[in-house]
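Think of it as A, B, C, D, E, F and G in the order they're written, each chain with its own count starting at 1.
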C-alpha cells in the first residue's frame, strides 16, 4: 500500500518533477525576458507552464492505472542531520495525483482567465508593470502547491505549506499600495499571514512530535508504524493530531482561525478563486486525508475535527447570509464548504471530503471568476461613466451587490455560468455539488444525528444565500449607473468560465454513486469506507435547498431592491440580529480585545525598560570602549597607502624570520 | 507693385517713420539706426520676412553724410518677396545694434561688415575679424582705404620691381 | 642548472617589486610593480612545476594571469576615474583614508 | 659638411650614385595634399583618371608635410594664408621642391590688391612656375616633367 | 601641425565650454591645410574623446579682396573677378553679375543667348556637383568615386573650352548677352554628353547608395531642422534636403527658366544622406533642362542691340562710323548705367547667389557685393556637427559643399 | 644539435626575411597598379619597364631623404617605435609551413622554420605585440593627431585581437592541434577549412583587416580626420619602416589566412612534386592580397564608434558562437 | 646543461633584473612600462626553458599584448606625469630599503638552508605541457577554479565599464541647448 522501493517502476513516473519544474521554467522565462515580451506573451507562458503541469499530471494518471499503488520518485538528497535523512522526492499515488489534477486543471483555467482579467485590472489600478509580477507569483504558487501535494515527507510538505502561505500573502497584498487608506490590502495580507502562522506553529509542533515518536518524517516510514507507536504512547497520537488540526484550522480557515479568509478577498479575483477557494485552503483537508492513519489511531481527535468542521460550516453560512460584498459572500461560503470537508474527514469519510474538495474547486472557482467578471465590467462601466460625465459621481464600490442588479440581460454568459455555479453550490441535482455534499451529509446521517442536523441547516442557508445573491445581482433593475452601463466580458474571460461551468455540471461523475470510482481509486492509498447512496437523505437535502431558494425568491425576488441605498429586506425583519451577523458576530473585535491588546502591552514592556534601558546600556558601553581604543589607534592611519604597505612588508619579514629560526 | 508689399511699406512708414526708395521694382526702406531692431522684429514676426539673406554696407565717403548705409536684404519664403532695409550711419564711429537675436544668420554677416567697413555692431556676441588676419590694421572696403596694389611689371621696370620685391630664403 | 637559480631570480624580482610599491609615488608605476611581483610568483610556480613534474604549477600561472588581467582592468579604470577627480596619479594625494 | 668631403673624390662612383639618387627622386615625388583655390581643381584633374600623374609615381598624396617631397602651390596665396604656407614648407624634410601653379601663385595674377601675395616666391623658394589661369592639366604635368629635368641636374655636393 | 599661432584658450573663452578651460576637453586645430576641409578652412574643434563638443570655424584664408578690386575696374573688366570667386561655378557667377548689370541698365537679352546661358549654367551645376560627389566620397575614404567623377568632368570642361577657349574661367557671359555665339559642334558635344551622363549618374548612385558603410556614415548625420535653416538663411541643396522646396529657378525665374519643365529636388531628413540624394536628383534634373533648352535653341543674335552698353559686332565697325565710336567709347571708358542699386539673385549649385550692385553713374561700379551661399551655409556647421564624432564632421563639411573662394571672396 | 641544423635555420630565416622585404616592395607596386586599374587609371609605369622599378625608386628616395626628428618628441621612443613595428611583422611567419619537406644535400629539410605545438598561440602573441610600435609612435610624436591615431590603434587592435584569436580556434579544433603544420596536414586529408569554417573565415578576414589597419578599418591613419594618424610626424626611413610594416603585415595576414583556411600549400600533385607547394601558397597569397586591395578601392571608411561596435557586438559574439558550435559538432562527430 | 646554456640563462636573468631595476628607477612612467615589457619578454623565454611553451606565449599575449598595452594606453591618455622626487612620508625610503635587504637575505638563507628538495632542472618531454594536457587538466581537475576565474573576469569587466563611464548629456539636444 505504501511506498515500494521496487525498481520495476514505470518510466512514466519519472516525469513527475516536471510538475514543479515547468512552472519554474515559466517563472524564469517571465522573470528574465518578461520585460520585453509583452502582456499576452507573459500570460501565455505562465498558462502554458501550468497547462504543462496539468498534462504531466495526466501522464501520471495514465501511469497510475497500471501501477495503482504508486511510487516515490527521489530527485535528490536534501539534507542529513543525525538520524534525520530528508530526501527531496516526489510521491506519486492516487491521492496526490487527484490533487495535482484538480489544482492544475483549475489553475490552468484561472491563469487563462487572468490573462484577460489582469490586463484590465492592472490598468484600472494604474500600474501595468505589475502584470508580469502577478504571473510570476501565480506560477510560484503552483510550484509550492505541487511541492505540497507531491511531498513524500512531512518536511517537504511543510515547505510547500509555507510556500503557498507566502504566495497567498504576496498575492493578497498584490495591490499593496491600494485599498482603504492605502494600507487595507497590505493589512489584509498581513492578517492572513499572521493568522495562518499561528496554525503553522501547531503543524510544526505536530511534525516535531512525529519525528520524536517515529524517528523519521517519511510517510512511508511513519504510516505503517502508527499502530505500534499508538499502542506505546496513546496520548502522543492525540497531541500530534490535535496540533495538526491547529495547522488545518489556520490553512483551511476553520474556527477559530478563519478570520483571515474574508479579508483575503483584497487580492485580485483570480487569486481568490485559485488560492482562497479552490486549492490552498483545501490543503488542510488534504493533509488530514494524507494523515488518515494518524487520525484513525486517535478517535478523540477525530471527534474534535468533526465538530470543528460542522460548526464552521453552519457559522460561516450564517454570516454569509448577511453580507453585501459579492466576494465576501463567496468567501464565507468557502469557509462553510471547507467546514463540510473537515467534518467529513472527522466523520471518517475521507473520500467524500476529497470528492467535495474537487467539485468545490470547480464550482467555487467558477463563482469567484464570474464575480470577477462582474466586478470588472462594473469598473469598466464606472470609468466610461466618469469619462462621460466628467465627475466622480459614479465612483461606487464595484463589489457591493447593492450597487448591481439587472445584470442578467447585460451579461448573459456570466449570468448563466453563475447560475450553474450557484445551483451546484446549493446542491441541486444532478449537478456536481449535489452528489459530493450529499455524500458528506449521508456520512453524518450514519454517524451522528446532531452533526447531520447542523450540516443540513448549513445546506439550507447555503441555498438561501446563493439565491439571495443571484437575485440581488442579476435580477431586478440596475440600481446604479455603472450597473446599467455594464457589458459582457471578453471571450478570454468567459471561455474559462464556460469550461468550469461544464465541469461543475458533470463533475459529479467522478464519484457517481455505484458507478465510479473515486473511492476505488483512492483505496490504493487510504482506507476507505464504502459509502452508500441514501435516497431519503438525498431527497431531504434537495428539497431543503429548493425551499431555501424559494424563500430567497420570496424575500428578494418578488420585490427587488429599489435603490442601492435601500435596506436589505431581511434586515428590516430581523433588525439588530442582521446587523450583528453583518458584522460577523464581532469576532475580529473579540480577538483584538482578547489577544492583541495584552500582547501590545507586553511588547511595550520589553521595548522600553528592558531593551532601551538594560541592553542598550551594555551595547553603548562596549561601543564607547571601542571608540576610545579606535581614537588612540587612529594615529597609525596616516592615509598614505605606501606606509600601510610598509607595515605589511614588515609583517612578512618578521614571519619569515620566525619560519627561519623555528627549526 | 505687389499689394502685400505695399501694405508692409505703409505699415512700416507709419510705425517707424521709414521712407521708401524704389528702383527697378526693388523697394528699399530707409530707417534710422535706432529703429533697426524693432523694425526687423516686426518684419519677421508680423510680415513673415523670415530669412535674412545678407547684411552689407556701402561707404559714401566723402560725398555724403551720413557716410555709411548698412543694408539688410530680407526674403519671405511664404510670400516669395524681397525687401531691402537701409540704415543710415554716421561717419566717424559708425555703430548700430546687432540683429543677431532676430536672425542668427546675421552673426557672420555682421562680423564681415565689421571687418571690412569697421561698423560696430552693439551687443554682438563674437565681434572679431573674420576675413582679415586678426592683427590687420584698417578696414579694406572703406573708400579711404587704398587698394594696396603693387606696380605691374613690364620690361622697363622689371629690374626695379624685382629689386624691391621680397624674396624667399630657403 | 639548478632550479634554485630560477627561484633566486624570482625572489629578487619579487623584492624589486616590493621596493617599487614602497618607493614610487606614481600610482601607475606602483601598479606595474605589482605586476612584477605577480610575475616573480609565476616564475616560481613554473619552476616548481618543472621540479615536481606536475602541471598544477603551470595551470595556476594561467589562473594568476587571468586574475591579473581582471585586476588591471579594474585598477586602470580606477586610475582613470581618480585622475578625472584629482587631476593627478600621485598616490600620496589619495590620503582621505587618514584617520 | 658635404657628402663629397666624407666620401672623398671617388669619381665615377659618386657620379653614378648621384644619378641613381636623382633618378629615384624623380621617380617617386610625393606631393603634399594641399590645394588653395581654382588651380587646385586643375591639379586634381591632373591626378585624376584622364591625365593620371600616378604614372610618374606621384599618386601618393601625403597629408603630412613630413612625408612629402613636393609642394604644389595651387592658387592664390592670401596674406592670412602666407605664414601657413611657409610653415608647411618648413615642415617638409629636405630635399624638397615647390611648383607654383597658375598666375596667382606665380605673380599675383589678376588680383593686384591688399589681400593677395604677389607671387608665392615672396615667402618660399619656387622651382617651377606654371602659367595659366588656371593652367591645363597637361601644363601641370609639363611643369612636373620640367622639375624632373631640373632634379636630374642636381649635384651631389649640393645636397649638404 | 599647421597651427600658425598657438591659440590660447583664454582668448576663446566666450566660444568654448567650461570644460575646455579646465583641460577636460581637447582643443584640436584642423586646417587650414587639412585633407578634408576642402581648401583652406580652419576649424578649431573642441573634442571630448572622439566626440565634437563645439566647432569654431575660422575663414578668410582665401580672402582675395574681389569687392574692393571691382570698384577700381569698369563694369566689363570687373567680370573677370567673378569667375574666380566660386571657382566651381564660374559661369554661374558670371550670370549673376550680368543679371545685375542688365537690371541696373535695363538691358534686354536675346532669346538665343538666354537659352545658351541656361545650358551652360546647368552644365556648370553638373560640373560642380560632380566634383562635390567625388570629394565628399573621398572624405569618407571612398576613393574610387572621385576618380570616376573627375573623368566625367572632363566632358564638361571640354564643352567650356569649345565655346570660350578656357576650361574653367570662361567669362563667357557678358552684360547684354554672350561674348560670341557658340561654335559649330557645340550642340553635338552637349548631346553626346547628355547621352552618356544618365548611365553614369546611376553608376555613382549604385556605388554609394548600396554601400552599407556609406549609408551608415551619412544617414542621420548632421541633421538640421527646417526652422534652423530659415533662421540661418541657408539655401540650396541644404534647405531642400530639409523638405523645403526653395529653388530660385522656380520661385523667381531668371534667364527664361520659367519655360523649362523640371522638378525641384526635395528630400526629407535634413541629414547628409538627404543632401546627397538632393544633389543626385538635381543632376538628373539639370540634364532634363539642358535637353529642353537644346531642343528649342532659337536662331538669332546673342547680344543686345543696345549700343550704349554692348559693343557692336566687329564686322559692323568697318562699315559704320557710329559703331566705331561706340566701340571706342565702350573699350576705353566703359558704359555708364544710371544711378541706383539693384540686387540680383540666381540659384547656384550651393544655394542663393546674390549680387548687390550700386552705381553712382560713373563707368565703374560704386559697390558690388556678392551674397555667397558658402559663407552662409558654413555658418551652420557648428549647429550640425555638435555632439557627433569627428569623422562625422568630415562628412558634414563635405555635404554642405563649401567652396572657400566663395566664402572668403 | 648539430651545426648543419643551425645553418639550415639561418638560411631559412634569411630566405623568409628576404622574401618579405622584396615582397613588401612589390606588394606596394601591386597595390598601386591594381588600384589604378579599378579606378580607370594606369598607375605607375614610367620608372623602369612597366614601372617595375617604382618600389626601388621609392626606397632609394626615402633612404636619401632628410632624417627629421621634430622638436618636442621623445627621441628614444620616437626612434624605437618604427623598429618595434617592423620586427613582429618579420617574425610572424616563422611557423608557417611552405610545402612538404624536401630532400636536399642528403638532408630532409622541412619547409618551415619552426613547428611548435602552440603555433597559433605564437601568431597571437606576435600580433599582440605589434601594436606597441603604433601606440608608442603616437605617444612619442607630441602631436594631437598622432596621439589620437595611436590611441585609436590601440583600442582597435586590442578589440579585434579577440575576434581574430577566436577565429583561429575553429580550424585548430577541427585539426585537433595548434600547430600550423598539423592544420595544413588536416586540411590535406579533409577539405579546406574555408568550407568547414565559413564563419571563422569571414571573421578572420575582417578582423585581420582591422588588425593591420587597412581600409576600411584604417582608423589610426584616417587621412580625412587625422591627416596621417600615428605617423604624422615621421619622415624618411622611419616613415618607410611604418610603410614597410604595414605591407609586410598584409603579406603575413594573407599567408596566415591562406594557411588556415585555404589549405596552405595544399593543391593538386603537391605530394609528388614538392616544389609546387610554395607556388600554391604564393598564388593563394597573391589572390588574397588582391582582395584586400579591392576592398580598399571600394569601401568607405567606417566611423570609429561603428568600428568598435562591429568588433565587440558582432564579430566577437559571432566568433564565440562559432567556437561553441564547432566544439559541439566536433564532439558529436567524434 | 651545457656551458652555453648557463651563460644564456645567466644573461637572461641579468637582463630581467636590470630591466626590473630600470623600471623601478625611471622617472617617466612610459619608460617604466617599456622596461617592464622587456622584463616580461625575458621571463617568457625562461618559461620556454622551463618547459612551458604554452605559458610562455600566453605570457606574451596576455601580459605584453594586453595588460601592458592597457598601461601604455592609460599613460598616453593621462599624460606621462613626472612627479617630483620629494618623499612626503618620513622614514619611508630608509625603512623600505632596509626591509628589502632583509627580505633578500632571508630568501637567500631559505635557498641555502632549507632547500632539501631542490634538484637540478629536469629535462622535459615535448608534450609535458602540451596544450592538450593543460586543457584536460584545466577542464577536469581545476574546473571550479576555472569557473571562478571566469566569473572574476566578468565582474572585473563590468566593474571597469561602470568605473569609467561618464554621465554624458543627451547627445545632440543638450549640446545645442548649451550654446
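Everything that follows uses one rule, which is that contacts are C-beta pairs under 8 Å (C-beta built on N, C-alpha and C of every residue); 3 or more make two chains touch, one makes a residue touch a chain.
Source: prediction; values computed, not measured.
Q: Please identify the chain with the largest separation between its CA centroid and the CA centroid of subunit F.
A: A
Q: Please tell me whether B-E or B-D has the greater number of C-beta pairs in contact.
A: If we tally the C-beta pairs in contact for B-E and B-D, the bigger total goes to B-E.
Q: So which chain is farthest from subunit C, going by the mean of the CA atoms in each chain?
A: Measuring from the centre of subunit C, the most distant chain centre belongs to B.
Q: Go ahead and note the Å separation of the Cα centroids belonging to subunit C and subunit G.
A: The separation of the two C-alpha centroids amounts to 6 Å.
Q: How far is the middle of subunit E from the middle of subunit F, if each middle is the mean of its Cα atoms, in Å?
A: Roughly 46 Å, centre to centre.
Q: Measuring centre to centre with CA averages, how many angstrom lie between subunit F and subunit G?
A: Averaging C-alpha atoms per chain gives centres 28 Å apart.
Q: What whole-number Å value describes the gap between the mean CA coordinates of subunit A and subunit B?
A: Taking the mean C-alpha position of each chain, the two centres sit 87 Å apart.
Q: Which residues does subunit G have that touch at least 2 chains other than itself?
A: Only 54, 58, 66, 70, 75, 77, 88-89, 92, 95-96, 99, 103, 107 qualify.
Q: Considering subunit D alone, which of its residues make contact with at least two other chains?
A: 33, 48-49, 63-64, 80, 112-115
Q: Among the residues of subunit C, pick out those that touch two or more other chains and give their numbers.
A: 18, 22, 25, 84, 92
Q: Residues of subunit F touching subunit G in their complex?
A: The contact residues of subunit F facing subunit G are 74, 77, 80, 116-118, 121-122, 124-129, 131-132, 135-136, 138-139, 147, 150-151, 154-155, 158, 161, 178.
Q: Under the touch definition given earlier, write down the residues of subunit G that touch subunit F in their complex.
A: Answer in residue numbers: 30, 34, 37, 53-54, 57-58, 60-61, 64-66, 69-70, 72-73, 75-77, 126-127, 130-131.
Q: Which residues, counting only subunit E, touch subunit D once they are in their complex?
A: Checking each residue of subunit E against subunit D gives 1-2, 4, 32-35, 39-40, 60-66, 68-69, 80-81, 84, 87-88, 131, 146-148, 150-151, 153-154, 157, 167-169, 404-405, 408.
Q: Mind listing the subunit B positions that touch subunit E in their complex?
A: Touching subunit E from subunit B are residues 23-24, 26, 28, 50-54, 56, 58-59, 71, 73, 77, 80, 82, 84, 103-105, 107-108, 112, 116, 125-126, 129-133, 140-141, 145, 147.
Q: Spell out the part of subunit B that touches subunit D in their complex, as residue ranges.
A: For this pair, the touching residues of subunit B are 131-133, 140, 145-150, 152-153, 165-170.
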